[in-house]
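The structures come next, written out as structure tokens.
What follows is a pair of complexes built around subunit A, which joins subunit B in one and subunit C in the other.
And now, the complex of A and B:
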């Protein structure tokens, strides 16, 4: 980093994401804060916390959808606040925070392969699996299952607005998994033939409900109606201290508006990018802490924050 | 069972039976009005079938269809003694008459009364305050209990106070008094006042412009939430739901109208009719029991079920001081009679956790199923 340039938390964050496509947003946020710790020279612990708080707020404000990111930064802040008084020597404390921050980021990356191992028994021969959009955790699980010669087929939704279904489907086919792309509007058509639904997550709310790419909640509700199990694959660092009751409780959204004139061309990308799926529709969450029921999430969160 | 009783026990039992019978007759006579004769006859015939149950309950009745709460404790007259502090006696009477009502208010009033008890306490010669106060406090608590059964918040506060007494064991009396009074003050501030502030902030995010909030009876923390939202300039309306015999909703309605919040006042029977306009239901709690059910003013469960039926979020605003380790499955086994309101009037009902969308506490917002987790985490912290 150039010495003359002031440390830019947003640029650092984006650079981390760009450099490593396997990196998730919360981990990138943690790594950026660790980098900031190494760069900034706070004199006291109060100053350190202030610097970190300010940076994480800047980071949250700088991206349109900050839920996943804030899961990481909040967790790191909590970690710092809790450990800061354990050291008498200030330098040692800072060194330790930087080091621990790095191990934290490393461990977070590893958790995806752990999730794949825990999720493997859920993928069985002759399964027809429905996947909504693109998720690295789901990809890793299906990759592992395919490598173990489990024979299954996958429906991949197009997952508009993000439209990352194409990329996901291409990746599955590359692994030799029989894959079928479907438009989002056909979920109701295929769901009776599906055995289970796998989803990734942007964030897991305190209730065990899931914040994910838009369209997830309607897919899950259809699955629920047809009594198909829904499994959410999420790293525990995606657990957020949020408890929305419905999608419009998510703060980052730009709501749809009603008009009577053709003001602008219809562009679905202007609408919300994520939605919220209430916990009652979710069968289980496959996380690096184990396979949890939705209510198990709040137990883990309470342990992290009060334990 | 009655064969095993000693003569003294048998005598006491007989006396108890007679008293309960007399009380029941009096209540029925007063409330049924038109048909006292008939109900007395019924009552008499039931007595025979009920004898086998006498040993376990204070009233010699099994639950009959028309008197499902006959097994609950009947209210006894409040009797004072020389060492009972006037503040305690006053509070016991106020609670009995439902002038001091509501879990939070009762707990605050009790702690204030305890503070006065401690202020005026003279430890007997040869002992210190730290060592003799516990017994003195217990006698005060007995009187409060006669006034009304302790609320869960009061019970938790008393448990804390008794634990805290051990901290002043070796203090001089003056220092101990000072320390205890300060501790009581900060306990109330921390567990109720600050807790309410945190809850208000969190619950406030659920009130948006154009919303209609439905609330039931009266809750201080719900009131504070609505007041704060109003102060922030949010435009919303409130439906206050009320029910006899206590009509606590009147207080809510008056308070909200004073804040110039558009408020409707309805009785519980009109809830389904107006529910379509409601965006959120917010209620306070008497207690959250550890299986995630809500134990609160009778009528709450009806409102919750109606809201659930229409998919309207039901929020419970509850300080963790009101969390109880008890597991409760129905509102019959544990409940409390409303003094002077006839044989079928009870204070509380139980709302199943599945009807509750969210419990908002000062340590965060949780699904109702996480109540035991909070209890457990707090317990491990205290040890």
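And now, the complex of A and C:
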């Protein structure tokens, strides 16, 4: 790092994300906070907490979609606060954290492969699976299933606005999985033929509901209507202490607006990027802590915040 | 040496009993399995806990192969494996705590790796043996003692209720009704469970009438018609699965669907030995198919020749059909079962 420049948490965060495309936002947030710890050298524990709180707030404010990120930074702050009181030798613990900064990313990847292992029995021969958007956890699971010679087919939605469906479909085809790309508007058309729906998550709310790429909630509600099981694959560090009741409760910089005049050309990207899927539509969450029902999420959160 | 030969004979006898279905019913199988393993642990030689775990696992594989549809056997073996692990761990607690927190909490990715070298100072096998056998004794007592289950259940029955129990054959349920009858008066409707459980249902009804409980036997097809006057449905399944769904005798799904339609509560009674860590990935594989001669007599050769007759012995009921699952440690909503499964079993033992 450039010694003359003052430490910039946002730049550090973006750099981590850029360097490793496999890195998720919460882990990048944790790593940037660790990098800050190494740089800031706080003298007292109170100062340390203050520095971290300030930095995580700055980080949350400076990124447009901060829910996923805040899951990581909140988890890290909670970890620090708990361990300051638990360990007498905080210095050693801090040193350890800084030295092990890199391993967090490794462990996050490990938890993704654990999810794939736990999720493997959910993928069966002759299954037709619907996947919305691109998710690293879903990709890893299907990759594992394909490598075990499970014969299944995948519908991938275009997942417009983020439009990552194309990338996901290409990746599945490369793994030799028969893949069919469909526009988001055809989900209702294919859903009777689908056996199960797999989703990733940006964040998992306290209720067990899921914050994910926009379009997820409509896909899931259609699946629910046709009684198709919906499985969400998410690492436990994405559990976040939010309790949204609808997609409306998630802040967005670009809300939809009503106009009577033709203002500018219609741009679908100019709208919310994420939506919220209520827990009642979700069959199970496949996480590194095991296969949980949505109510299990609040239990895990309670364990670390009030346990 | 003679003790070792003795245990092998016992294992062979039990396996044969399972294969020929001379021993059936979850409670009986659970008890027999627990007793067998208790003797197995005390008669075998094993230097470390890991050896013991491997030996018990091998035995478990044999027993599961003998009767793949009787899950109670596997459940008990996994419970005992978990208790062996717990007993063994208490010694290495200090070393293990780091590792365990890492795997079982959201702090997983953050925790700092422990000191590294794991202590090999296991509990001496003699102490381990005593502790494990004591645990198995506790388990055996738990299987036999359904008082807590009856206590919780009694609170849920009111005077003058009409209770529907489709296809009953469970001892747990019979004992429960006899117990409640001492305190409350109620009516029990029993479906006859054609073709597989007719005898059992009749016997069940007979036992209830003898105890002075008003009992009626209904044909299976009438459940929807009577559902409006039923106040609750009580079932005792074969197995409770990790997602809160259950595998029950065939003929139970229909009354539960009717109950849902009329918004009547469905209560599930299950001893904790019925709790399995299976998730119903493939429902068809969990459903046992039985003698089709019970549906159409083989003597009716003309018909048998032209038809394909199947006789599934079980139904799968999803968690959405059930309202509460009452086990020996209280009543739980179906979507909480995964937690009890995680508490009772170790995920390492999923496949024996």
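Everything below uses one rule, namely that the second predicted complex is superposed on the first by the 288 of 307 C-alpha atoms of A that agree within 3 Å, B and C clash if a C-alpha of one lies under 4 Å from a C-alpha of the other, contacts with A are read in each partner's own complex, and residues count from 1 in each chain.
In this text, a contact is a pair of C-beta atoms (placed from the backbone, for glycine too) under 8 Å apart; a residue touches a chain by one contact, two chains touch by 3 or more.
Since the structure is predicted, the reported quantities are computational estimates derived from the model, not experimental observations.
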item: Partner chain in contact with A:75 - subunit B first, subunit C second, else both or neither; value: second
item: Subunit B versus subunit C as contact partner of A:243, first or second or both or neither; value: first
item: Which of subunit B and subunit C A:295 touches, first, second, both or neither; value: both
item: Comparison of subunit B and subunit C by subunit A residues contacted; value: C
item: Which superposed partner A:156 touches (first subunit B, second subunit C, both, neither); value: neither
item: First, second, both or neither for A:303, with subunit B first and subunit C second; value: both
item: Touched partner set for A:279, first subunit B, second subunit C, both or neither; value: first
item: Which of subunit B and subunit C A:207 touches, first, second, both or neither; value: first
item: Touching partner for A:232 - first (subunit B), second (subunit C), both, neither; value: neither
item: Which of subunit B and subunit C A:138 touches, first, second, both or neither; value: neither
item: Subunit B/subunit C common contact set on subunit A; value: 294-295, 299, 303
item: In the complex, subunit C residues that touch subunit A; value: 104-110, 112-113, 242-244, 279, 281-282, 335-336, 338-339, 342, 347
item: Contact footprint of subunit B on subunit A as seen in their complex; value: 206-208, 241, 243, 245-246, 249, 279, 294-295, 298-299, 302-303, 305-307
item: Subunit B - residues contacting subunit A, complex; value: 205-206, 313, 357-358, 363-367, 369-370, 373-374, 377, 381
item: Footprint of subunit C on subunit A - complex, ascending; value: 27, 30, 75-76, 79, 93, 96-97, 100, 103-104, 107-108, 111, 121-122, 124, 235-237, 239, 284, 288-296, 299-301, 303-304
